[in-house]
Amino acid sequence: MACVSPEQLLFTAFGLLTLGALVSIAGRNWRSTGYTAVVFAGAASVALWILAADAIVGGEVNTPEYLRLGAIGASLTFHIDRLSAVFLLLVPLIGLAALLYSVEYMNHVHRNASAARYYPFALLLLASITGVVTTSNLFYFFIFWELMTLTSWALVWFDREDEKKVRAAWQYFVATHIAAACMLVAILIIYTRSGSFAFADAAATVGTMVRTSPWLAHILVALFFIGFATKAGMFPLGGWLPQAYPAAPSPATATFAGTMTKLGIYGIVRVLFEFFRVPELTTVWGGIIATLGALSIFVGTLAALREDDAKRMLSYSTIGQIGYMLLGVGTGLFFLRSVPALAAVALIAALYHLLSHACSKSLLFLNVGAAEYQTGTRDLNKIGGLGALMPVSMAAAIIAGLSIAGIPPFSGFVSKWLIYQSTIQGGIRAPMFLILALVAMFVSLVTLAVLMKLIGVMFLGKLSTAGKRVTGDVPATMRIPQEILAAVCVLLGVVPILPLLLLYRAAQDVLGAGFVPAFGGLFGSNPSGIALNVGAGTAGVWNPAYTLVALIFCALLAYAISRSAHAPMRVTETWYGGEEADPEHVRFRAHGFVLPFKEAFSKVYPSVSLPKIAAFQSIQKVLNLDTWVYGPIVNAGSRLTGRLSRAHSGIPQLYMLWQVIGIIAVLALLFIMLK
Amino acid sequence: MAEINPKLIHALSLLMILTSFAAVEARNLRHATFAYLAQALLICGLLFAYSAQNEALIYWAVTALITKAILVPLFLWRATAGAGAEQETKPLIGFGVSAVLLVALVAVMYKFTHMHAGLFVDPTSNIAVIAETNLAVAFTVFVLGLYAILTRRDAIKTVIGLCLLENGVHLSLVSLAPGIKETALAGIATEVVVTVYLLLYVIGGIREKFGSTDTFELSELHW
Amino acid sequence: MPAETASILPILVLLIPVGAAILIFILGRFTTWLREGIALLGSAGAFAASLALGYRVLNGEVLTAFSRQFYADALSALLIVLVSGIGFLATVYSLKYMRHHVQEGGLPRTTSSGRLAVYYGLVMLFLATMLWACLSNNIIMLYVAVEASTIASGLLVAFYWDKRALEAGYKYLMLLTVGITFSLFGCVLVYATGANILQSGSKGLLLSELKTVTSMFPTTTVILASAFLIVGFGTKAGIAPFHPWLPDAHAEAPTPVSALLSGVMLKVALYALVRTVSMFYPGFAPVAMFALVVGVFTLIIGDFMALAQDDVKRMLAYSSVSQIGYVLVGFGIGTQMGIYAGLFHLLNHALAKSLLFLAAGSVIYATGARRISDLGGLAKKMPVTSVCFFVGALAISGVPPFNGFQSKLALFVAGADAGDWWAVVLGIGASLVTLVVLAKAAKSIFWGPLSDAASAPTVRESPLTVTVTMVILALLCLAIGIYPKAVYKPLKAAAAVVQTVPGVPGHIAESRTLASEKAWSPAGLHR
Amino acid sequence: MSAIGGVLTNLIIVLALAPLFDGVLRKLKALIHSRQGPPITQSYTDLLKLLGKEDIQSGGGPIFRLAPIMVLGAMLVAVLFTPLGGKPPLGGSGDTIVWIYVISLAAVAIMLGAFASGNPWAMEGASREMMMLLSVEPIVIAALVTAGVKAGTLSMGGIIDWQFAHGASMSMIFAGIAFFLALQANLCKLPFDIVEAESEIVEGPIIEYSGPRLALYKMAFYVRQLVFPLVLVSIFIPWPMVSLYPLSVLVTLVKVLVVLLVVGLIECVNPRLRIDQSMNYMSRVLFVALAGLVFAAIGV
C-alpha cells in the first residue's frame, strides 16, 4: 500500500470506529443503527486488514510520535509487527461478524432496550482493542487497556434491570481494575528504571534490572502476569468470567470470547517474550505459567461439564481453552533458552490455538444466541431438536464444537496437536511437562463431552416444547456470520500451512529472526501437511489433505457397501419400547449427560455449591480468591470504616481537640525530622 | 524617639493573664464579658505603651480600642441578653483543675520563652527582655483561649476563647516586631471582630432553633 | 526571572465581583432579574478579566499592583482562572436552582427575595475574597483574605437557617477560625523573623521577598511556623484530621456553594499552604516529606469515610478530602514533577468534583432526596445528569480517558521517580477505593430498579441552565483527559513557580532525551 | 505408489478378515458355553442379510443418515494409520495422536447418530459411550505417549523401529499391560459392554438403526475388533521381526488372533460391571499406565 501510509490507515480505522460510535449514540431504531454500525465497522475492518497485510508483507511498521505528554515523557507511538497483524486480521473479523449478527438479534431479543446502550460500546471496544495490539508505548497501552475494560464492562452491564447481571458486571469491574492496578504498578516500576514508557526502553531496562535486582524483576513479571491472566480469565483469577459472559448479549459475548480475553495472551506474549527474555525469569515463569495453564484447563473444562446453562457452560470451557494457550506459552517460555526450536513451536501452537478458539468459541456463542433467539431460553434442559429447523446453525455448531474439542479435520485439532507435540517433546526434556500433556489430552476429551452435550441436546434429538413456537430459521444476517466463521474453522483446519506461515513470521518478530529455525526445518517441506521437527528428528506428522482424501474415500466405500443391496427405506415413529409416549416426557435431559462422571469430579470448581466432601474444602478455600483474598480485605476495610465513622461523633470540641492534638503532633514530628 | 517603659508593659501583660483566666472561668457570661473588656483595655494600653517607640502603633491602639474594647463586648452583651442567657452551660473541667493547669502553663511558657527568646528576637536588642515576658504571656493567653474553646460547652464561651486566641497572637505580634510600622498595619488587618459578629449571629440562630447554646447538642451531623 | 509589569488587571479582577456584590446588596432585594443579571455580569466579568490576566501571565509576564502588594505569577493565574471560571458556572447553575428552592419552601417565602439578594451578594464576595487570596503577595493579607473567604462563605453554609444548617455553620466558622488563627500565628512568626532578617517591615510582609531569606531562619522558628501554617491552612484545605467541618458544611450548604467550597475554596486554602510552606523547602526538605505523610494519611482517611456515607453530598465531601490528599502528596513529593502533578490533579479535581456536586444537586433538585438508599433507576428520567455524574465519578477515580487519570498517573510517576513507593502503592490502592465508592454510588443512584423517591411523576431532567453547566464541565473533563497537552504549558509554568526540594532526581521528563525516539526492534534484544 | 498399495492391502485384509475373526470369537464363546454355536462364517451372512433388509428411519435427518457412514469411514481411516505387518500405510501423514483422534471421531459419529435418532435409550447409550471414552482413552493416550517418549517420536513407524532397535524395556512393558487391560473396554466386550447393553438399553446408540446402516455399524465394530489388537501387537510386542511382508502380515494376524482369544475368554467368564465400577477399574489401570510413563521419564 504505497498510496496510503500505515498510520493513515490506522487513524482512518480509529476515526471510523469512533465516528460510528458517535453516530450510533443518536440511534433510536435498533435495525437502522445496527446497519450503520456494521457499515462503519466494515470500512474500518477493511482499513485494518490492509494494514495487517501491509505489515505481513512489508515487515514491521513504526509510526512517528503523536500526543506527546511532556510531563511524563509518554507519546503515542504505534509498532505493528506480524504479531499485531495476526490480531489485526482476527479482531475485525470477529467484531464484524458479531455486529452483523447483532442487527437482527438485538432487534428481536432486546427490542425494548435502547440501541445507544449497545452499538457505541461495541464499536469503541473494537477501537480500543485495535489500540492495544498496535501501540508500542506502555502508557497508551494501559490507556487502551482500560478503555477496553470500560467499554466491555458497559456491554456486560447491558441489562441494568436484572440485579444478578448488575452484580456480575460489578464483579467484572472490580476484578479487572485490581488487575489494572497491578499492571500500573509494574509499568511505573519500569518507567522509573528506564525513564520512558516505550516498549524498547522497557525491554532494555528489564534486561539490566534482572542482573541488578532479580527479585524486583520477578515481582514485575508477577504483576504483569496477574494483570493479563485476570483479563484472559485464567483460573483462579478469572472468577469474573463465567458470571460476566452470560450477562452480556450473545453477540457481545462472542466478541469478548473471540477478541478481548485473547488480549490477555497477547499481553503475556508481548511482555514476557520481549521484555523478560532472561533465562532466570523465563524458565521459572514458563514452568509456573504452564502449570497454571494445565490447572486452568482441568478446572475450567470440568466445571463446564457441570453447567446446563449454555452460555455459562461455554464460558467455563473458555477458561479451559485459555489454559491450553497458557500451556503453550508457558512451554515456549520454559524452553526459550534451551531449545529455541521447541520454544518457537510452542509459541506458534499457542497462537494457533488462540486463532482457532477465537473463531470457534465466538461461533458457538452465536449459535447459542440463535437458539435463544428462537426459543427465548438458554437452559439446555428445555431446548432440544432445533437442528431440523435451523440446519445452518446446527452444522456450524457441530463444526465449531468438534473444532474446540480437537477432532480432525477442524482447526482445533491442528492447534491442540501442536500443543500436545510441543508439551510431549518438552516432557522428553523436562518430565514435568509429560503430566501437563496428559492433562491436556485427557481434558480435551472432556471438552468433547461438554460440546457433545451442547450440540446433541440443543440441535439433535426431538423438538422440545420450548421450540414448538419456532416457525423458521433465523434471518440471513444471523446466518451469514455463522457460515463465515464456520468456513474459517474448516479452513484453518484443512490448510494449516497458511496460518502456520503467518504465525511463523509473528514468532520471528517476537523472538527475533535469527532466533527461530527455518520454517522447513520446523514444519517439514510438504506444504499440504506438517512434519514437526524440533531438532531430534521427526516428532510427529499430520497431513490433513491426505487424511481427508482417505476419509472421503473410505466414507464413499462405506456408502457403497450400504447401498450395495438397494435396501428399501421407510420412515417410522421412534420406538419407545412399544409404548405411546409424549417425546417431552421421555426426552433425555441434558443434566443427565455423563452424570456419574460429573459426580466423580463435581467438587473441582470452587464456586460449586454441591454437597462438599471434606477433602475438597481446603482446596476450595485455597482456590477461591473471594474467600481468602478479597473477602478479608473488604472486611478489614469495613471495620476500619466503622471505627473512623464512630470517631466523627459530631461534637465541635472533639474536632477542635483533634486540631490541638494535630498541631502538637506536627510540632513533635517536625522536631524529630529536623533536629 | 522616646524610650518605652518595661515595667509598665510587664505589669500590663501580667495582668492580661489574670483577666483572660477570669474571662475563661467566670460562670456568668456577662462577668466573662467584663473580664474580656478589661483585657481588651489592657492590650490597648500595651499598644499605647509600645507606641512610644513606634508611633504607627497608635493607629492600631485606637482601632483595637474600638473593635476589642467596644464592639466585641457589645456583641457579647447583646448575645447574652434574654432570660437565662447569662448563665453558662456547665463546663467540662471545673475551676480547681483549671487553676492548677494555669499555674503549670505559665511556668512552662516562662521557661520556654526565656530559653528560646533568641529564636524570635535579637537578644542584644533592647526589646529582648520585654519580649521574653510578653511572649510568655502571649502564649499563655493563646493556650488559655484554646483551653476555653476545648473545655467550655457554651458556644458563647468558645467565642470568648476565640477572642483570647486572637489577643494572644496580637500580643506576640507586637512584642516580636514592635519597631516596625507595618506591624500596626498587620495588627489592624487581623482584627477578628467580623468573625465574632457572625459567630454570635449564628449562635443566636442556634439559640432560637435549639433552645440553648450547648455545643454538645450540635452533634446531629455526624459520620 | 520573568519580567514584572505593574498592571491594573489584578485590581480589576478583584473590583468587578466586589462591585457586583455591593450593587446586589443595594439593588438586589427589589427585582429578581436585576440581582441575577448583576451576579451573572459580575462573575462573567471576573472570569473575563482573569482570562486576560492568565493570558498575559502565560506569556511570561508577572503582573503586580500597589507596589507588589498584589502579585500574579503563573501559579496565582492558574488558581484565579479556576476560581472565577467555576464561580461563573456556579452562578449560572444557581439561577434556576435557588429559585426552585425558594419555591419549594427551602426558605420562608416572605424573606426569600431578600435572602436571595444576600445569597448572590455573598457568592460574589466569596469569589472576590478567594481571588484576593490568590493575588495577595502580602503574607498577612493572605491570611486576611483566607479568613475573609471563611466569613463570606459562613453565612452561605448556614443559608437555609434550619437546625442542620445552623449547626454546620457554627462548626464551619468556629473550626475554621480557630484553625486560621493558628496560621495567623505562623504568618506572624514568619513575618517577624523575616522582617528582622531583611531589616525592613515592608519587605518582611512580601512573600516574594521572604522566599529569598527563609534558609536563614532558625530551625525552631521554621518548625513552629511551618507547623502552624500546615495546621492552619490545612484545616481550611480539609486535610485530615482537621477535616470534620468539611462534610457538614458541604452537605448543608446550597449545592452551588458546595461546588464552590469543594471545587475551589479548598484549592485556595491549599494554594495558601503551598505558597507559605514551600518557602521552607530549599532549606528544610523534611517539611516536604512531612506534607507527603499528611497527604497520604488524608487520602486514606477520606476514602474510607466516603465508603461509609449514605448521603450523596457527604460522600462527595469526604472524597474531596481524599483528593486533596492526592494534591498534597503531589506537593509533598516536592520535585518539580510532583508539584506539576499536584497542580494538575488540583485542576482536574476542581472540574470533576464541581461537576459531581452539580449533578448531585440536580438529582436533589428533581427528587428532593439525598440519601443514596432512597434513590435508584434515575438514568431513564435524567439521562444527562446520569451521564455527567458518571463522567465525574470516573474522572475523579482516575479512569482513562478522563482527566483524573492523567493527573493521578503523573502523580504516581512523580512519586515513583522520587522513590516514594509506599505513597504510590497506597495512592493506587486508595484510588481503587475511590472508584468503588463513586461508581457504586452512581450505579445505585441511576441504575437498578426505580425507587419510590425517583418514581414520582414530577421527577424529570433538570432545566437547561442546570444541565448546560454540567455538560460543559463533563466535556472539559473528557477533553483534558484526551488531550492533556492543552493544559501542560500553564501547569508547567505554575509548577516552576513553587520552590522544589533539592537533591531529589525529580524532573519534567521533557528535559530528557528519550530512548523512545529510536525505532523499536526486538531483534536487537537478543542476549 | 507403495503408500497406495499399502492402503489397499490394509483395507482389503481388514474388510475381508474382520467378520471372520468375529465368527471365531463367537465360536469360541459357544464352545465355552458348551453350545454348538454358529458357523465361523456366521458374521458374513449376518452382514449380507442386513444389507438387504429394509432401512427404517425414526429420527431421519442428515446426521442420522450420515452417522453410520462416518463411523465406518473413520474406522477404516484408522485402519490406514494402523500398522499391519509393517509400517502404517498412511504413517507419513498421521501419528499416534492422529490415530487416537480418528478413533474418537468414530465415537463422535456414533454419539451424533444416537442423538439424531432422538430415542432416549440411544441418548443414554451415547452418554455411556462418552463416559467410556472419558475413562478409557486416558489409558490409551498414556500408553502411546509412553511409547512416544521412549522413541522420541510419536509416529508409529518410528516407534516400531525404535522397538526393534532397542528391544523390550520396563516402561514399554507397563504401557503394553495397561493397553491390554484397557483393550476389553475399547472393544466394548464384557465386562465393559456398557454402551450397548442389550438387556438394559437394547443396543443403546444403534437402537434405531436397521438394515444396511446397522450393517455398517456392525462392520465398524468388527474392524475395531481388529484395529486395537493390531496396535497392541505391533507397537508393544512387534517381535519377531519378519522381513518378508506377507509372512509378517500372517504373523501379525496370528498374534492378533491370540490376543482376541484371550479377550474372548475374559468376556465369557465375567458379568457386566456398572458404569461407576468400570470407572474405578479404569482409574486403577490408568495408574499402571502412568507408572509406565514415569519409567519412561526416568529412562528405564
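Each chain gets a letter, A, B, C and D, in the order it is written, and its residues are counted from 1.
The rule we apply is simple: a residue touches a chain if its C-beta (ideal position, glycine included) is under 8 Å from a C-beta of that chain, and two chains touch if they have at least 3 such contacts.
Being a predicted model, the structure only gives us computed values, none of them experimental.
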{"item": "Between A-B and A-D, the pair with more C-beta contacts", "value": "A-D"}
{"item": "Distance-to-centre winner among chains (Cα means, whole assembly as reference)", "value": "A"}
{"item": "Longest centre-to-centre distance from chain C, chain (CA-based)", "value": "D"}
{"item": "Between chain D and chain A, distance of the C-alpha-averaged centres to the nearest whole Å", "value": "37"}
{"item": "Euclidean distance of C-alpha centroids - chain C vs chain D, Å", "value": "79"}
{"item": "Centroid spacing, where centroids are CA-atom means, of chain A and chain B in whole angstrom", "value": "72"}
{"item": "CA centroid of chain A to CA centroid of chain C, Å", "value": "43"}
{"item": "Interface hub residues of chain C, defined as touching at least two other chains", "value": "170-171, 174, 178, 305, 308"}
{"item": "Residues within chain A bordering two or more other chains", "value": "644-645, 648, 652, 656"}
{"item": "Multi-partner residues of chain B (each touching 2 or more other chains)", "value": "146, 149, 158, 215, 218, 220-221, 223"}
{"item": "All chain pairs that touch each other", "value": "A-B, A-C, A-D, B-C"}
{"item": "Footprint of chain A on chain D - complex, ascending", "value": "7, 11, 48, 51-63, 68-70, 72-74, 76-77, 80, 90-95, 97-98, 101-102, 104-105, 108, 111-112, 114-121, 123-124, 126-127, 130-131, 133-135, 137-138, 141-142, 145, 148-149, 152-155, 158, 202, 207-208, 211-213, 215-216, 219, 275-276, 279, 290, 293-294, 297-298"}
{"item": "Chain A-facing residues of chain B, complex", "value": "92, 146, 149-151, 153, 158, 215-216, 218-223"}
{"item": "Contact footprint of chain A on chain C as seen in their complex", "value": "170-171, 174-175, 178-179, 182, 219, 222-224, 226-228, 230-231, 235, 241-242, 244-245, 284, 286-287, 289-290, 293, 301, 304-305, 307-308, 337, 340-341, 344, 379, 394, 399-401, 405-406, 409-410, 412-413, 416-417, 419, 424-425, 428-429, 431-433, 435-436, 439-440, 443, 447-449, 483-485, 488, 491-492, 508-510, 512, 514-523, 525-527"}
{"item": "Contacting residues of chain B [partner chain C, same complex]", "value": "116, 118-122, 142, 146, 149, 155, 158, 162, 165-166, 169, 172-173, 176-177, 180-183, 185-186, 189-190, 192, 194-195, 198-199, 202-203, 205-206, 209-210, 215, 218, 220-221, 223"}
{"item": "Contact set on chain C toward chain B in their complex", "value": "140-141, 143-144, 147, 150-151, 154-155, 158, 161-164, 166-171, 173-174, 177-178, 181, 184-185, 188-189, 191-193, 195-196, 201-202, 204-205, 218, 220-221, 247-248, 251-252, 305, 308"}
